[in-house]
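Working notes, beginning with the structure itself.
Note that the chains take the letters A, B and C in the order they are written out, and that residue 1 is the start of every chain.
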Amino acid sequence: MFPKNTWYVACTPTEIDDKPLGRKICGEAIVFYRGAEGQVAALEDFCPHRGAQLSLGQVCEGQLVCGYHGLAMGCDGKTVSMPGQRVQGFPKIRSYPVVERHGFVWVWPGDAAHADAALIPHLEWAESPEWAYGGGMYHIHCDYRLMIDNLMDLTHETYVHTTSIGQKEIDQTPVATKTEGSTVVTSRFMENVMAPPFWRANLRGNNLADDVPVDRWQVCRFTPPSHILIEVGVAHAGKGGYHADPQHKVHAVVVDFLTPETETSMWYFWGMARNFNVKDKALTAQIREGQAKVFAEDTAVLEAQQANLSRYPERKLLMLNIDAGGVQSRRILDRLIALEQAPDQQPALA
Amino acid sequence: MFPKNTWYVACTPTEIDDKPLGRKICGEAIVFYRGAEGQVAALEDFCPHRGAQLSLGQVCEGQLVCGYHGLAMGCDGKTVSMPGQRVQGFPKIRSYPVVERHGFVWVWPGDAAHADAALIPHLEWAESPEWAYGGGMYHIHCDYRLMIDNLMDLTHETYVHTTSIGQKEIDQTPVATKTEGSTVVTSRFMENVMAPPFWRANLRGNNLADDVPVDRWQVCRFTPPSHILIEVGVAHAGKGGYHADPQHKVHAVVVDFLTPETETSMWYFWGMARNFNVKDKALTAQIREGQAKVFAEDTAVLEAQQANLSRYPERKLLMLNIDAGGVQSRRILDRLIALEQAPDQQPALA
Amino acid sequence: MFPKNTWYVACTPTEIDDKPLGRKICGEAIVFYRGAEGQVAALEDFCPHRGAQLSLGQVCEGQLVCGYHGLAMGCDGKTVSMPGQRVQGFPKIRSYPVVERHGFVWVWPGDAAHADAALIPHLEWAESPEWAYGGGMYHIHCDYRLMIDNLMDLTHETYVHTTSIGQKEIDQTPVATKTEGSTVVTSRFMENVMAPPFWRANLRGNNLADDVPVDRWQVCRFTPPSHILIEVGVAHAGKGGYHADPQHKVHAVVVDFLTPETETSMWYFWGMARNFNVKDKALTAQIREGQAKVFAEDTAVLEAQQANLSRYPERKLLMLNIDAGGVQSRRILDRLIALEQAPDQQPALA
């Protein structure tokens, strides 16, 4: 259950710099590569000649050359040439709208007629020199909506991430959830607490004392189809918290782009953008390493949860106040999917 | 095909000493752990909140705390607490009758109303200081009834266990089979034979000559659902065999508790209890190591047999005289399963 | 989709020299072993007693002894003996016609009544002292007909085997295809080209200059069910090419016997027979090593192709001129399969 008339993160640019990349997205087997001018192309990963995976071939002067018999494919899905063959009558393969922007490659797996690059979210932190970004990607065997639940309810940090970002005060502090249009926001503000290890390291990373009480915040923003950006940070206690002057705080955006592969598996693009000490590459690497461990913990929990849910498909789950963020996000998704399946409708996200 | 209104060995006590254990038994995914007073609890391995596996959580002061959002579960399947939540209305999860006794944890995967701890077999060797016990557990991909067949017909030792307990005289000696109530006994007595390596080692372990002829015996006792205790031993030839004075023999009980996981997989709890040289821990370890090799040989044969039978589900197998022990044991099981499925019946084993 | 009333290569003789071999062929689980006089036997891999795999047993004096309870099986599928048992009434298991010839073991997985050893192809290179042979076997997860397509259209060498036998001139040279009875021949002759690495090594192996232009040929011969023998070679340019005097050329036969395991997997027996420098065992080993790399490249391509085709079962593939060899070979197969399934017909290959 996922909308298809929408933009998903398909890969990072470096994944296609030197060879084609085959990746299944929303059930579609797609090959990504760079065409003649370096622009990204996305095609069905199926050679029209004998069905070989085009992603096993090579890119030669902007054409995707099948690794089996040398069929050269153009970015529009039309065969350009093949040794010894007249290719005009070859069937066209499907091409997908694809855009490289903000440090990611975005693909529209649904009806190309509705694709509009203006619908790709603007990511200020990805463009501004005042921000630094580092991240990674995990392939996870769970319904992407379990990850939405996970990210829109951070009480799990206390239990799943005990050695990094978890702390008792998280689930002692109430969470506020609100929906505005198709955006869901859950927020939690903790006051006068000691920072957990991940944040103590970031305080040090911004040359701030790490052994004094802090105010800590988490503001999770879901926008469809499955982008979750989380403002996180700590400020020395009493300096204004979320609104504190930059010299008293460390502030960052946890970046989560979830891309369904199948009904029960997903690609998880995760990272962190920060606007302090942005030139410190060692700090970027250290944060990425810390996040990699944290998200590996989530991966283990979610894959086990998925296995359990698949075992008991008839079970109803509880929807508590802490689950409101996930519940409201799923409602927006349900509406988009219904719209998409209704005839004579505008595209889901227009 | 297995009875569920009966006691099975679920695990050994040490498996749950420091953390919960998730194990599927008779198709039921169960989490085992120790409650506040150290007593064993057994619950559905499914958190009522979001379906996480409770067995991935932790035990805190006798409560099973879910590793995802901190729901604390009581031994009766009722949620005790959850941070920031009122839990009175949470749905109860299933709890299973469970008893720790004789060095094993026993679970009743069927209708709890019929569970009676008095039905757990008494194991004298597990309680008496005159006996020593060592054992292990294997997870085997076969119908547990193939293991019943295997253990109730030891002629296979000649072919499967050629380097340890097998010897030509086993299948040259006729076997006697009899059924008394729900107990099936197969027995074989060999006279004036040379002991195979495993028994020569045990003779030495009891300070007896290992290079002289012996009388050897095997008395296999099946009781439902799938407990097989095998009296085995050798005595110096002509000293009375099975009835020989302890100073002339080594005598032991091979312990086999078979617990179905699914229709085609099982947990195999195996070991050996002996009443000679019981304080010699090195001997216990040596015997266990020997048994581990022997039962690994059975595992390979039975998994291949299961694969072959699954490939040819319509084939009828032969039921020879040597198979009588398995055939009669299966008949008892069939009767118990039929009883269990009949309405208005007493519990199968009452 | 494969004919069963025909001879397939089952294994090489060394595979059964010291123990039985279990191998599934055309969906039949078969055990191969050597009987009392060293002759090959082929039986259902299923012990009539309890369904154990006979291939896990041992051969004792020409009888296949089950590794579970010692049942001794004869080459005709009749039980010869079993300790303590009268075996006259034991059900017979199926035996398969099997012949050892030309360095291979051939099996007839279909109706034994139609089996005729005279239908096994004569392989001159396997018998004559003027030829040397080396080869190997791969288990490949693809429909054997994808391998037929692959071998009957060598244009893929340019793309798949770029570092060994591929060269640009292959797909610049037209291919001729003809069908004569149930034989399909595709041929390609290249003139005045530089030899690729594999052939330069062979020129050196026959003490010929490797840095001069050559004429190169490929003549692929398909005969049912799935034997493909390919005459390949190079001669110094202008010396007559395919017909050049032996002193000016290196000539060989690439040997490909394809044996279906299931609808989507196969056993691939590959090798090369040559009639130059036949006593040079180091050369034989070097050629085999080169071929092993080449066919591993095919394996990767074909397994990915099979996965893609299984994903899109409804897609039609193109049938270009270069595919004519595969297309015509498949037509012959279709005819044989139809004949086999028609009632009251002669055997497919008679």
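Points worth noting:
Assume a residue touches a chain if its C-beta (ideal position, glycine included) is under 8 Å from a C-beta of that chain, and two chains touch if they have at least 3 such contacts.
What you are looking at is a predicted structure, and each value in this text was computed from that prediction instead of being measured.
Mostly differing positions are employed by chain B and chain C in their mutual contact, as under half of the interface residue numbers are shared between these two copies.
A turn of 120° superposes the CA atoms of chain A on those of chain C, with the angle given to the nearest 5. Centroids of chain B and chain C (each the mean of its C-alpha atoms) stand 48 Å apart. Not a single residue in chain B touches at least two other chains.
Against chain A, the residues of chain C that register as touching in their complex are 149, 153, 155-156, 158-160, 171-172, 174, 300-301, 304-305, 307-309, 311-312, 315, 317-318, 320-323.
Looking at the complex, you find that chain B touches chain A at residues 29, 45-46, 48-53, 56-57, 65-70, 82-85, 90-91.
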